[in-house]
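Next up: some structures, all given as structure tokens.
Here chain A shows up in two complexes: once beside chain B, once beside chain C.
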Partner chain A sequence: MDKSVAVSRNDIGLESPAGRKLPVGLRQVVAFVLILLALVALWEGYKLLGAVTAGSIPMPVRPDDRSMPHIWSIVGALFKPARRGGEDILLIILLRSAVFTWREALAGFTMGSVVGFALGVVFVRSRLLERGLMPYVVASQTVPLLAIAPMVVIWGSRLDWPAWTAVAIISAYLTFFPVTINTLRGLRSPDPTAVELMQSYAASEWQVLWKLRLPAALPYIFTALKISATASVIGAIVGELPSGIPDGLGRALLTFSYYYVSGPEKLYASIIISALLGIVFVVIVMLVERMVVPAQRRLAE
Partner chain B sequence: MKVAGKLVIGLALIAVLVAACGGAATTQAPAATQAPAATSALAALIPITLQLQWVTQSQFAGYYAAVDQGFYKAEGLDVTIKEGAVDIVPQQVLASGQADFAVSWVPKALVSREEGAKIVDIGQVFQRSGTLEVSWKDSGITSPADWKGKKVGTWGYGNEFELYAAMSAAGLDTQKDVTIIQQPFDMSLLLNREVDAAEAMTYNEYAQVLEQTDPKTGKLYQPGDLTVIDFNKVGTAMLQDAVWAQEDWLADAKNQDIAVRFLRATFKGWIFCRDSFEACVDIVLKNGPTLGKGHMTWQLNEINKLIWPSANGIGVMDKALWDQTISVATSQKVIKAAPDANAYRTDLAEKAAADLAAAGVDVKGTSYTPRVVEITPGGE
Partner chain C sequence: MTDQTPVVSIRDVSKVFDLGGNNRLQALANINFDIFPGDFVALLGPSGCGKSTLLRLIGDLISPSSGAVQVNNKPAHQARLDRDYGMVFQQATLYDWRTIYGNVQLPLEVMNYPRDKRMARAREMLKLVQLEEFGRHFPWQLSGGMQQRVAIARALSFEPSLLLMDEPFGALDEMTRERMQMELLSVWGQTNTTVVFVTHSIPEAVFLSSRVVVMSARPGRVTGVIDIDLPRPRSFETRESPRFFQKITEVRECLRRDEVKGASS
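Up next is the complex of A and B:
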């Protein structure tokens, strides 16, 4: 992703000569930090504006500490015990929850990716099945997750599954769709002449799929997996709410929003950790992509 | 071939990750997977599931204390507490057979009963209502009649019945005379003065206000800054937390015995929380690592006030309060008609309380005096 961007910039001559520029990874970190600083400045600037004008201009969000705690109180909350005399700081508690939620998300991500990939392969082989099933696949994504989650949880508890499996299924439900769509698109991406060449060598359908279509589809599939990685985390968090699972980020978010006025910075801190979990998951998928897909064939994003 | 080979390696990597983490997730998963190990050691125990209305907090301290102190085990029961959650209705979980007992407010459970869930109130743990309508003192609201023309907050979802009944009793029309505001589950609307009155539980939201700093004084808000309308005093209070079981299940004498054992241990848990206050708070905190200690201490004290004193013994229904609940519920059209006589029974709770009393335990709490709990900023 980053490399292709760098290459394209070089092509149009935006970059200084190659020897003098910072390494790609470092530049990305610098950009990330700069944007982070800009966001912090925006947040605190808004609060400052509110303090200076003292309510004389209407503002969409109240700039007070209850609606928008200072960034340093949010960060500070992470390094304080979650409660008076508590043993662990909030960061440790949230990281533990994040690991728990990630396990559910990973299970869902795996299930969803496998199902999504399988559907893509089936659809590329059969136009009939594609036309018949695709509307349902699309419809499945327009039904609100909030309506589906409690149903899955109730079925799961009727069937005596461990609680986390229902969460993983909800997470898989959010995951499979981008994989199906992109797998299908990727498998169709080879040039028709290439397919014809394979056929002229008397290659079987299976061989065309394995040797031509699949390698061509990989960049598309990995693009979908990156979307699915974040979606699986969202699915896991939403799935935890009706499951009554106490160990994940869902519970932390629920508790801190329930007691919002008692510690708004704690809710923001949990949101930041949830976002970080999504980022880490995407980075992991990117690292796997680097191992599997050659640099020149990765899709630019 | 090369790319396909790499894909296989990539997939294998992911598979290993999943195997490692999935395996760990299995061992971490609560209850269901831990059960086999537990039952082998305690083969004789009867597995029992209790469904709560909400996540761990002092409101349910007695049940957690009974687990922690081994009271259920001593009765031959292996109790699993299922925490409540968003969109989970305890009495429906009970009616569908996924729990043996459930904790639910009386009016909400009666709605389910009217809809066909054959559930019975077997232990009325809370003898009074914990719901308040809170205003700032300077708003001049001291009685329900003062709500006229004001913005009055309520959570809705069945939490508004006592409020609406109080309005009707004061001659107010809930449509015309007041502006009803849908309130989120925290007190920010009142704190920002976006409503004139806000619904609050004594054991939760009321304290959340007191845990805030008053920007004018730089100190915490004081009870004197607020006026509260207590529905127990207005006379429209409805009964809240009670233990429910299925009517058909209770038809079997064996199950009645299990219910009595469950209630006996539960009552012991609540009595423990009355007499060993700090130890009980610690049990709650142990089960909910993100909860504030100050807030949970306040909450347990307020919960104790809802239970004690129990004139007929803990968990035994006060018929006058039941009748008041039914009268408010029918007048507010929460339920169409008064439920039949089987909607509650006192015999099981009476037997459980009598057994404890015979063993010299104080089951009425006649001399109970609440503690004075110091408010901590943010309830930490």
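Up next is the complex of A and C:
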């Protein structure tokens, strides 16, 4: 996805023999389904408990259909038109929004990863730059996204950028930080003797980076990319709100929360689709990781 | 032997580590000795005597505080740039994302050997350490002794004139260790490499080397150089021969003499 991944796949592909892929994680799928069923059972069990006790015991969330619609009505809402007389069912509308938002998130993720990776490489080369710039990098993540997002949108519109670029930048803003931190940590991960070995060959700084530090950092970088994949989706959704972009999940979530009273299940349905978008993105990153990093080297997930 | 030009010449070398504040550690004081072509020299001493530091000075991984290290008639730094060193550490330090072939080829890639030459060298080297079937394996699939053999193959792949070994068998069990010593001697016999071998094992130093440089600690210095004139090729029988034990005793006394002196001073 970003530069580092493409290049390292190349580097490692030359060395590793074919056919080291793990079989599809069937057990993971089974576990996922079982947990999903358990969550559904918990949700419906809570509602059932509320119905049986009929308010005689205090419950933190009211178990009525407005606060907690039935799972089947949430799923059912996905297959009904979003508006009376509308043509498309909610699922289609949400999936279209999700694809739109994902494109913004992907652009932000790519920009953020490239910038984050570059900062990591710069910092590993220069302690001075690391000491000087790191406080700002950290500070950037403590400024609320809600404050940054409108500013970026305003600047973007002044510069006549298309609206989605501002959203991508907001998304990149959330994305680069974990990549910087983990890239730096990964590039510093080889033991001193591994570095001395390179020195004994009179290897250039560039060769040390390319043949030792970068491959050693890949598992760390992928851990960051998984965090960044979800963060980029959140960044894109939040960024869509001040941009006034009507086509993404941000607007859908906003609209359905306005009309929550008349159709709470639609908001829940949108939340589920948003979550699914994040999950799908992480799964894509994990699949790329499987191709690039051998199993024995992946950091525990 | 003395009329040859030395491969390594160490003159008045001292090394002081600055530990910050007013703390300084004199790791080595006034080291002088020469190593000649085809020598197998063991640096022997208790831990903390600076033997590894001395090896790293020869390999230009650190620089001396005073004095000079010449390798092949040039400063150690130039020798490193000329790729005169093959290094083997206590840990095999294989890169675990590379296959065994990939690891042996690592120095050749750094030195821009053409691809076909690299592969040919890797095969040849793995044959030398008897691991030719393991080229496509990954490091974690090999035992500690096998990994160390790969490290030796990697160090010799570019035919360096000097092989520097820092307690290479220190992490291995006794049986593997003795087998590795035999294999190292056989590999050394098939190449023209000069070896400097750091160890704290007296039998290991005596069995392997043609000369043992005995060192003592605080500050690290050379207390004696003992020629080991045991016949070659050395074998299992060598370890049981009276001459072997005689040499071990001689080395041990040299180490002890210094301890006694140290205790009385």
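Convention: the second predicted complex is superposed on the first by the 277 of 301 C-alpha atoms of A that agree within 3 Å, B and C clash if a C-alpha of one lies under 4 Å from a C-alpha of the other, contacts with A are read in each partner's own complex, and residues count from 1 in each chain.
Throughout what follows, a residue touches a chain if its C-beta (ideal position, glycine included) is under 8 Å from a C-beta of that chain, and two chains touch if they have at least 3 such contacts.
Note that the coordinates shown come from a computational prediction; the quantities given were computed from them, not determined experimentally.
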{"item": "Chain B versus chain C as contact partner of A:S262, first or second or both or neither", "value": "first"}
{"item": "First (chain B), second (chain C), both or neither touched by A:D191", "value": "second"}
{"item": "Touching partner for A:I93 - first (chain B), second (chain C), both, neither", "value": "first"}
{"item": "Chain B versus chain C as contact partner of A:L106, first or second or both or neither", "value": "first"}
{"item": "First (chain B), second (chain C), both or neither touched by A:P215", "value": "both"}
{"item": "Contacts of A:E205 with chain B and chain C, given as first, second, both or neither", "value": "neither"}
{"item": "Partner chain(s) touched by A:W161 [first = chain B, second = chain C, both, neither]", "value": "first"}
{"item": "Touching both chain B and chain C, residues of chain A", "value": "211, 215, 218, 293-294"}
{"item": "Touching residues on chain B, where the partner in the complex is chain A", "value": "1, 3-4, 6-7, 9-10, 13-15, 17-18, 21-22, 24-26, 28-33, 55-56, 82-88, 96, 98, 185-188, 191-192, 208-209, 211-212, 285, 288-295, 376, 378-380"}
{"item": "Complex interface listing, chain A residues touching chain B", "value": "62, 66-67, 82-86, 88, 93, 100, 102-104, 106-107, 110, 149-150, 153-154, 157-158, 160-164, 210-211, 214-215, 218, 241-247, 251-252, 254-263, 266, 288, 291-294"}
{"item": "Residues of chain C that touch chain A when the two form their complex", "value": "59, 61, 80-83, 85-87, 89, 91, 93, 95-99, 101-102, 106-107, 109-111, 136, 138, 140, 158, 164"}
{"item": "Chain C contact footprint on chain A (complex, rising order)", "value": "12, 14-17, 191, 193-194, 196-203, 207, 211-212, 215-216, 218, 293-294, 296-297"}
